[in-house]
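Here's the structure we're looking at; comments come further down.
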């Protein structure tokens, strides 16, 4: 018993480090509570903690997949990679928050605390192996997200966004639980490992009822990754939330949601029974509609934040295509996609954040003529936007390529064509922003104050992976090639 | 005789009522209450299944967790609602339409 | 020589970096760096020509480096008789374009850097023997084009740039689906993106199952490729981006667009569609031919109505590329060789026309043959600019296919090719030939004859630099009009091989 | 005598190099390089003369020809073969043609050095003319239709450039455009014909085509529902129609007079336009195989007569000559059609000589008086005596007065036409051809003398012009070329007989060289001939048989005995009629313009005259109706459709679809949710009362509804 616990703790070390980090951050925050103090030290502490977490995750990567805490969680390289993406995303969002004026300076360390807390939820979700841990993961993720959304306390939109998020989250959590309860009732356990063999045994009406329950269950997951039709909250929340929070939401909860969606899909629907067929069909529809709705709606957006929000819905649609195929290469493609998306999103939000801080708005007009004021920044933004649109030689293209290739390997040509057309739509709105930046003349040529030297260096540094991952992705694919799911 | 079916019917009613409340009521606090109803429907299900079908403790424990998490959620939700009230001086849901396309 | 292709491929990138390193303000240094870079590149392409063995039908001078092991993607370059003429053209035209861009003032560094980047990507397209690598270059090429049109273009440049980009992107993304499908279909022993390994009709018997029906794999994916390439060519009905892009693009970019980029579409047919899907290609050759025919006539008719000389030439490109399509659809040796030769010849003659229009535009700042208010835009240019007129005449007649100049041989070969296969279409295509002379000569008459306009009186004749970059093209146009063999000898082995393959289906 | 590339190629290359050198360095050479051009063409002339003497001087058998080929390019690779050969083909006809072209061109070059001397673009004129000459010689030397086409088009280009030589004039631009485009219509057909023949024969070599016809390869071949021979022959003949300005493509030639007069003489009278006829002579077996001869004869007759009528009312000196050129070309084409092969070619040569001389004379007049409107001239006889002599001789020749070249050749064509139309047993409807021919001959005599009388006789009508005219002195480059040409307008150079027929002999049969040398190609002779490589020295000469022996061996017997009589009769009638007609025309002109006893045409037939002055409205129809009313509006419509409709809606429309989709979602929010849902208004209120009450809420609640409805529908779907 002790041995099992010891082993579990070992495997679970990254999460535990995060928990400790969160506590430490709370203490640190208490020491820096005066108005106007510089919170850099708190951030450095958080960075240190996250780097340690990342290090531990990398060390875990090689380990054989195993369950911990009596099968409550499972540690496998797939989950670990997803967690790694989340940690990196948190790290990025953290420093974005540090430089952003969108987070009130005396709430900066609260952001750090909550970000790490959300990360813990996400990590729990990524390795959830029973319904309870799954539920807890989602709730930790959600509840802290509500708070983060309304972090801009003086701003009514922020509060409204938080409220909507909370209400919507509550409802979907309830619906999901309702579904879970029926699954539990029909299959007799909350442990995935015990449920899975029983799924195949069900017949007739039971099967249909189980599927209905799974659908209710899917509502919870779909809401987390903002898949259609559970995406409706996300533009509002993205718009209302401070930019660093938005950047954070675009990465961490999404990857956590994807992780659990992949795990559930692979566990329950890997065969070719009637249930699997319906599930795959469902995901087909969800993927196609999510992409389409996300991309089409993004066209008319003037707020860049909102544009990126809708575009992230589009990207989620692409990622779901990797789930549809229900095989390992699909997972691998999603992991790569996540990696690529992480850097692209961070750069895009970062530049938006700086401009938003300077002009107080994130409308496309503030990007006008950026090339004449900050050529390097404009080029970086262009690279990232091209990458998001899926242009080679940037990582976004490779991500898209991988996803398309897994779908085509399964011969889902229809889905592939829909994805292809969607990326044309995507290109259209990204290009509009590039057009604004590069083709239009700026009213003024004076530089934007927010682009300090360090910020610029950081942005360039974050863009380098976007390019490099698009060209030298052999090694990275090798890494994610180890993304074995721990399946019973 | 209280059978599983009775529990399930009740939980179903709770679920539907919760949804109706969420959809139809204008008061945000009421909506939060609707969420509680939905969550309780699920919790009731878990307990009922645990007793009548599966004969293990999973359901009970799950129900406990639901109660705890619901409390946390309600706390956060109410905090945000209060903030909303401070800014808007109303808790009417129709006032929350600032965010749109 | 080993590594020659890589040298050609990366030399412009080095030039680009050199241009970027030069501090702002040193305009002349920037120009000369770009010029020297393209000169070196051009010299290298000539070395390539010297090293090329014309008797080998397949690819040669190949270079292979592993790139992505999971997908068996290689950095694989090679050249054959179909791509070498395009390579030479690319080397030459960029060199001349840099000379023609001497007067660009706006944001010089960016302009030259993007041009050089464009050159490298175009080389990449023609060298790639790996489908993935090809696709990367194919797409990356859009980025410099987008900026070159969008930043340095005319009044309506944003619209044109976006349209160009989106339209081509649409075609290529659909093609990407086809490429990946091919990769997975090669499972029978190939399992890579190696283009040469896919050649030879390996997919003739395969079927795919979509929406509950079985389709022939070849027939389905022929069309995905077709879309990508046809938009690039562009063939009617995918041609409308071209007039916008040409009219708005700066001179050098128009030259490159017409001279090299359009050829990438037809090159794609010859390198990919035909050898990979021979059966479907033969089956659909009529459709290709008919679309080519419509392009020929439709482009010519539209050209005749244009009042903007650049738009006129843009439509004439549609028309001329239609001839290339028809020649390819003929699928016999004269038609195919004619098509490839026409690709080269159209590259030189249209480049001449666009460069000439650029020369004029620098003086006039408008391009109206007839202004919208009905007055003549130019008049008496012949008297005012005699040197210019002579060169214009050479370019114009080459473009309309006057015997003795380059366009004729290719067009004649194309006609000889299509006649046995599509007799009626030959007759109709000849109308295009007639119209081709009509719109050019009519425009020429309106611009060059008559009294000298007051405005025109202020124009200087071409200066030495302008003459210098026109002369090589004049030589090409004349020499290859009389002795086509140097170009034909390069291509005939490769084309013959392709025709042999197609004739089996 | 042996032939190798070294003594044939200079004919073509000398003018070509003169062109190249003058084009690049002409301005730096003394006298802008005119001497180079003249010298070059003179060298060509010497080489041609040598060939001519060899061919005409009975050195060879009469059916001897030189045929040398080289490979231009070869596309054979893998399992495919395709090669294009080029080569030289000289037979008797070619040798005569070479001599004529080089001779006339030399004299015109010489004349140009005087005529063009004051022109600011003196050097450039010689550049174009040299290029033209080399192209024309190349065409004559060509052994295949493809190279004929190449040189044909090059000549078209030169013609275009020379018509537009005075580019300051807007009209010159119009004329050059018209000339090029009109001939291009024919050329396009010509190219089609080439392609069609190539497909069947595998090359377009004359020898191969003849052999193919002899072997019956054309028999039974169909293209687009008609016989291949007819199709190909028609297409090739369309080239002739365009280039030789036959009906209905004759409109360009009168306008082509915008160019300098020597170029009119060389290109638009003597050589280029005759090349069309030369082509139809070369492809004569194809025309016969395609049964096109009646069509050709008809076209020729219509042209000959129609153009002559138009010439009646022209007042411009050069315009009269232009229409007379069209008319004479019509005679040649008619000659081809009626099977008068030899006479048609003879007329080509004689016409080239006298028409070149006429144009040069006109040039001489124009240069002297700077006026070309005949009503303003008159009485120039005294001031320009040499020009007058030259022009008079030529006019007599063209009018068909005996002893002059025109009579010899034209009369033979008319005689053959008469036989063909009346005596050969065809449908009587074809008698229209000789009738039009004779009528045209009458008109020719009339209008040519009208021109002479108006220009040289009577009193000067504009004294200012007359007084300004300088006295003419003999000069090697102004009037000597005219006089040399004049010498060759005499008939005996071409034929030993009065009429070219076998009766009325003046000299012995030895001088009937023309008739002996030129005959329609007998295709069966070409079967199985091998080609010689270009570099080979010709050694075949001695192996050839003399014509008589050859005919004996192959059993060839001339025309049938019965026909012989008919031909004889027809020619006798024709000759007598011609003489009367020619003198009749001259007499009428005399009455009208010298005596003034007959009123000029214009007063009597005013409606007819208006039509003539407008050239039967052909130009109005082509330009005004077909192009202005047809093509241009259609093009404008298409261009508008392309950009305004197709591009805007079908292509950009996709962006709009996206935008509409976006708007629809917003509309859904605004209208359905807010307006219908929240405010409770709308049509559906009563019907969906319950639903609406549920939806009646803020946005977040609408989200809930969507969520639940979707789930419900999912579940519902699965339960199905």
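Each chain carries a letter (A, B, C and D) given by its place in the written order, and its residues are counted from 1.
In the analysis below, a contact is a pair of C-beta atoms (placed from the backbone, for glycine too) under 8 Å apart; a residue touches a chain by one contact, two chains touch by 3 or more.
Just so you know, these numbers come straight off a predicted model, no measurement behind them.
Relative to the C-alpha centre of chain C, the farthest chain centre belongs to B. Averaging the CA coordinates per chain and comparing them to the mean over all protein CA atoms picks out C as nearest. Pairs A-C and A-B differ in how many C-beta pairs touch across them, and the larger number is found at A-B.
Annotation: 43 Å between the Cα-based centres of chain A and chain C.
Averaged C-alpha coordinates put the centre of chain A at 26 Å from the centre of chain B. Separating the centre of chain C from that of chain D, both taken as means of CA atoms, is a distance of 36 Å. Remark: chain B and chain D have CA centroids separated by 95 Å (rounded to whole angstrom).
Listed for chain C are residues 166, each touching two or more other chains.
Shared interface positions of chain B, defined as residues touching 2 or more other chains, are 19, 22, 31, 96, 100-101.
In chain D, the residues that reach two or more other chains under the touch definition are 655, 665-666, 700, 704, 708.
Every pair of chains meeting the contact definition is listed here: A-B, A-C, A-D, B-D, C-D. Residues 665-666, 669, 678, 693-701, 704-705, 708 of chain D are the ones that touch chain B when the two sit in their complex. Within the complex formed with chain A, the residues of chain C that make contact are 67-71, 132, 135-136, 139-140, 142-143, 146-147, 150-151, 157-158, 161-162, 165-166, 169-170, 173-174, 176-177, 180-181, 183-184, 208-211, 220.
Residues 19-20, 22-24, 26, 31, 93-97, 100-101 of chain B are the ones touching chain D in the complex. Residues 11, 15, 18-19, 22, 28, 31-32, 34-35, 38-39, 41-43, 45-46, 48-49, 53-54, 56, 58-59, 61-62, 65-66, 69, 72-73, 76-77, 79-81, 83-84, 87-88, 96, 98-101 of chain B are the ones that touch chain A when the two sit in their complex. Listing the residues of chain A that touch chain C in their complex gives 386, 390-393, 397, 401, 404-405, 408-409, 411, 413-414, 416-417, 420-421, 423-424, 427-428, 431-432, 435, 438-439, 473-474, 477-478, 481.
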